[in-house]
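Two complexes follow with subunit A in common, the first pairing it with subunit B and the second with subunit C.
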Partner chain A sequence: MILRIALEERLVYRGDFALGTLMRFLPIITQIFLWWAVFQSIEGRMAGYSFEDMVAYYLLSMLARAFSSMPGLASTVARQIRDGEIKKFIIQPVDLIGFMLLGRVAHKIAYYTVATVPFALVFFLCRGYFTEGWPPAIVVGAFIASLVMSFLLGYFIDLCIGLIGFWFLEVSALLFVYMLLNFFLSGHMFPLDLLEQPWRSLVDFLPLKYLAYFPAAIFLGKIPQDRLAFELAIEVAWLVAFIGLARWLYARGLRRYSGYGG
Partner chain B sequence: MAIIEIEQLSKSYRVYQKREGLSSAIRGLWRRQYREVDAVRSIDLRVEQGEFVAFLGPNGAGKTTTLKLLSGVIYPTSGTARVMGYVPWERSNEYRRRFALVMGQKNQLWWDLPAQESFRLHQQIYRIELEQFKKTLAELTDLLSVGELLGRPVRELSLGERMKMELIAALLHSPEVLFLDEPTIGLDVVAQHNIQQFLKYYQQQRQITILLTSHYMKDVAALCRRVVVITSGAIKYDGSLVGVIDKFSGSKILRLLLAAGQSSDGLERFAEVESIDLPKVVLRCRRGEIPKMLSSILQQYQIEDVAVEDPPLEQVIANLFEHAASDSSNQVSL
Partner chain C sequence: MKIAKSVEHPNYIQVFATFAKNSLIRNMMFRTNFVLESISSASWALMNVGFYLIVFEHTNSIGRDTGWEKYEFFVFLGTTWLINAIVQAFFMPNAEEFSELIRTGGLDFALLKPIDTQFLVSFRKVEWSSLANVLFGLVLLAYGVSHLVGRSTHPWQIEPITWLLYPVFVFCGVTILYSLMTCLAATSIWLGRNQTLYDFWFYITNFSRYPSEIYETGWGLPLWGIFTFAIPVLVVVNVPARLLAQPLTPRSPSEWALAAYTLLATVASLLASRWVFQRALRSYRSASS
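Take a look at the complex of A and B:
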């Protein structure tokens, strides 16, 4: 029910929606041209990536980002704290964290009902870049699991940042830093295995890689099959950690809360 | 047992004290001065089931803070409160299903969706049975005559219509205790009247307990038999509305209609002259002196008509607030 209402709310703004989906594909084109120039000059492979792999990587990481990005979540939560709208979650017998999660699920469902067509089209047109064809079923399964978890992880990380709004009423600076880190360290900008040591180990340790790099790497077979379960287990651990953190921040924040505004 | 019991309840906020000017703003980056503001100081209050109580007080007196404490939005600094046996700030779901808070300045409905969608969401959140929900909704929309507006997006409703929707949303789960924070703020006279009538009827039908804050004396006069005056975080008066006048106003208003040709010269000897608009004269005098003064005026002047009245309630309350404000300016702890 909550899901349905959120869905209806999302669909109110149809125009915004369709345009936003198309715009997603624009930046990737410039990146592909850039890498095309790079590969022209080096002739061959780069850290195990051919030009075709690189294009496939961008397409896949974009798909992952479509799951894990939470536009406006942190700023919405922080705004609700600041102007007191969060009160309704305190007064009514409803849980903010679960409610917002359902809202986001609805958001994504609504998004995909519109976005599937352009996504499918782009992937179809670019099928030539997937030189390996479909990976084995177990890898596809791991890929799907990693996409679902990237959605959850993205949600809880963003939520935690928003909840910091209980302490600092303004989180936009913090959010900016996070987005910047996210852009580089999630693999959104370039495949993370291009990095030199020790940076490589560092990003490997951070949770941000699960938001874009990890699902794409699974699909492209960059992660050996016998390590899939282990890697996914670490992702689950991160997820649990962020859920715990979000709960804790929310509980502590409410204690501090002074019910701003009226 | 009283339905609302408050003992020694206090809430103080720590606010950042910013001095004027850029240099002090820069200094504020390192060292901040905080000031404790006591929004509510050690309040004691008992409200019985079925009472309709008004909180009166100037802005910043602690009325809204008290309502926030009672609805569990904020934690108190000290003291206890129980509503229907629950401690509000424990925020148990059972408690949250049995009360409602409506704030005139805030909106709890979904801005872009029709109100009926928000209502259906409330049905889910409060787990109201569908039959019950339909019945309650039909009854409430009928009482407030907003049936045809249910399908319109909330952002397109007028303020008065939106307020009615807010009330419906708050009452769908049939709360036993209702907190209303300035429900008629910014509404025109007709809309105010409609909401008053509705609240009055609903409260009498259901015998629920309502705490109301409002700056409109008309609201209070129409609805509440009991009035609690709060200024600077403390209760200054608790009793009937008429009692406010008895307690806080020592004067009466005397209206005279002078006979034709009678001059008003010399009336200032008897009482304070409020206004002279011949042949009408308005005097203000101390309560106890009315009979004596009236008889001497009647002896010396030709009078057509006389009326003795209490001063208007607004004026009494305004005076009361002003007194409180001047009292409290030296009480703020630094």
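Take a look at the complex of A and C:
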């Protein structure tokens, strides 16, 4: 039911939506040209990436971001806390975390029913950059698993930031810092392999890399197959940790919540 | 005829000074917000520099034989930030407000004022916090230039004329971007509302942020042509940055041709924006009330 409402809401503006998705690939074009020029001057590979890999990486990380980004989630949660709209979750037998999650799932499904066409088009046009072709089935499986988990992880991290609103009421500054770090350290801006030590190891310890870098790295075979299970297990651990944190924040938050507004 | 002559023209500089003062007062009313906004725009800039630092860890120049090495490129980046920050400080808030004025019908009041309407709507607000990035751009410029002048293998000789021409071309760049923004904002008269203004602006100016050499390949050439001649955003940063950073010595003659073209493009785009703006005003029908 919740799913259907959200789905219908999203499909109202599908034309605009598909066009917007295509437009989102435009900044990548300039990135590709930039990297082309850089690869011209080094003649060879950079941190294990050829030029083709680099293009493929940007396309894949874009796909991963389409799963993991949660536009407006944290600010919506914080706003609901501030205006007291959150009261409806207290009096109704509906769980906020579950309700919001379903809303987001629907949002993403709706997004993909429309966005598949432009995504498929771009990937088809750029198929030449995937020099290795399709990776083995096990890698594809891990890739899909990492995409699904990147969605969940993105959701719970954002939710936690929103729930901090129980204490601070205004989370926009915090959100901005998160967005900034996310952009830089998730691998959205560049493949994380380019980082020097000790930054490389530091980023490896953070959960942000699962939001963009990790799925792309799996697909491109940057992660050895015997380590796949281990890396995925760490991602699951992060996910569990953030689910726990979100539950705890919500429970603690409700206790100190005073229900402003009417 | 007599009446028209007796109408006193407002002193545009004074009017602008008043606008700037009012905006500063308004900005200072919310001081914490002002500081936060300055910090946030500066941190985007820092992140950008971080990205290029990483790139230059792996390569020593962008493109083969283009001469865009690390410090030359810092000069380029500094120029980019400088120009964009000026545009954001002076024109961005006005362009946004302009769309809003059209939607709400508030433009009526602007039309009634005894002052040029384009001037009024494009200079009304100044976003002082964006000037943090002007400062940031200047620091980056100074850093890049001082390295280029001070390095041991062929240090740059910067001729005095360069210091004179650089601000001129920065001004040209700002003017071109201003014209483009005015055209985009004016389209909201026809479209009623222009939500994608911001996106579109971002996508177009995105092309101006890189040295033009990167487009000199296969299907980059048509892009280069479009963004040099049809919508001249590529010369905005490239011409002044190249003038100062001198990635290639001796300069190639095409640089002077491009510089001359930039002057022409500046005048042309300013006239174009004026024309579009006035065409748009003619089809303006007041809203609401």
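Convention: the second predicted complex is superposed on the first by the 255 of 262 C-alpha atoms of A that agree within 3 Å, B and C clash if a C-alpha of one lies under 4 Å from a C-alpha of the other, contacts with A are read in each partner's own complex, and residues count from 1 in each chain.
Operating definition for what follows: a residue touches a chain if its C-beta (ideal position, glycine included) is under 8 Å from a C-beta of that chain, and two chains touch if they have at least 3 such contacts.
Here the structure is a predicted model, which is why all the values come from computation and not from measurement.
In the superposed pair of complexes, A:Glu8 makes contact with subunit B only, with no contact to subunit C. Within the superposed three-chain model, A:Met189 lies in touch with subunit C and out of touch with subunit B [touch as defined at top]. In the superposition on chain A, contact is made by A:Ile90 with subunit B only, not with subunit C.
Of the two partner chains placed by the overlay, only subunit C lies in contact with A:Pro27; subunit B stays clear of it.
Legend: residue contacts after superposition of the two complexes on their common chain; A:Leu125 is shown touching neither subunit B nor subunit C.
Look at A:Ala137: by the touch rule set out above, it reaches neither subunit B nor subunit C. In the superposition on chain A, A:Tyr257 makes contact with subunit B only, while subunit C stays out of contact range.
Common to the subunit B and subunit C contact sets on subunit A is no residue at all. By the touch criterion given at the top, residues 1-2, 5, 8-9, 12, 84-85, 87-88, 90-94, 255, 257-259, 261-262 of subunit A touch subunit B in their complex. Put simply, subunit C touches subunit A in their complex at residues 36, 40, 43-44, 47, 50-51, 54-55, 57-64, 66, 199, 202-203, 206-207, 209-211, 213-215, 217, 220, 223. Those residues of subunit A that touch subunit C in the complex are listed here as 20, 23, 26-27, 29-30, 33-34, 36-38, 40-42, 46-47, 173, 176, 180, 183-184, 189-190, 194-196. Note for the complex: subunit B touches subunit A at residues 13, 64, 68, 71-75, 91, 93, 96-97, 100-101, 103, 105-106, 108, 110, 112-113, 117-118, 120-126, 181.
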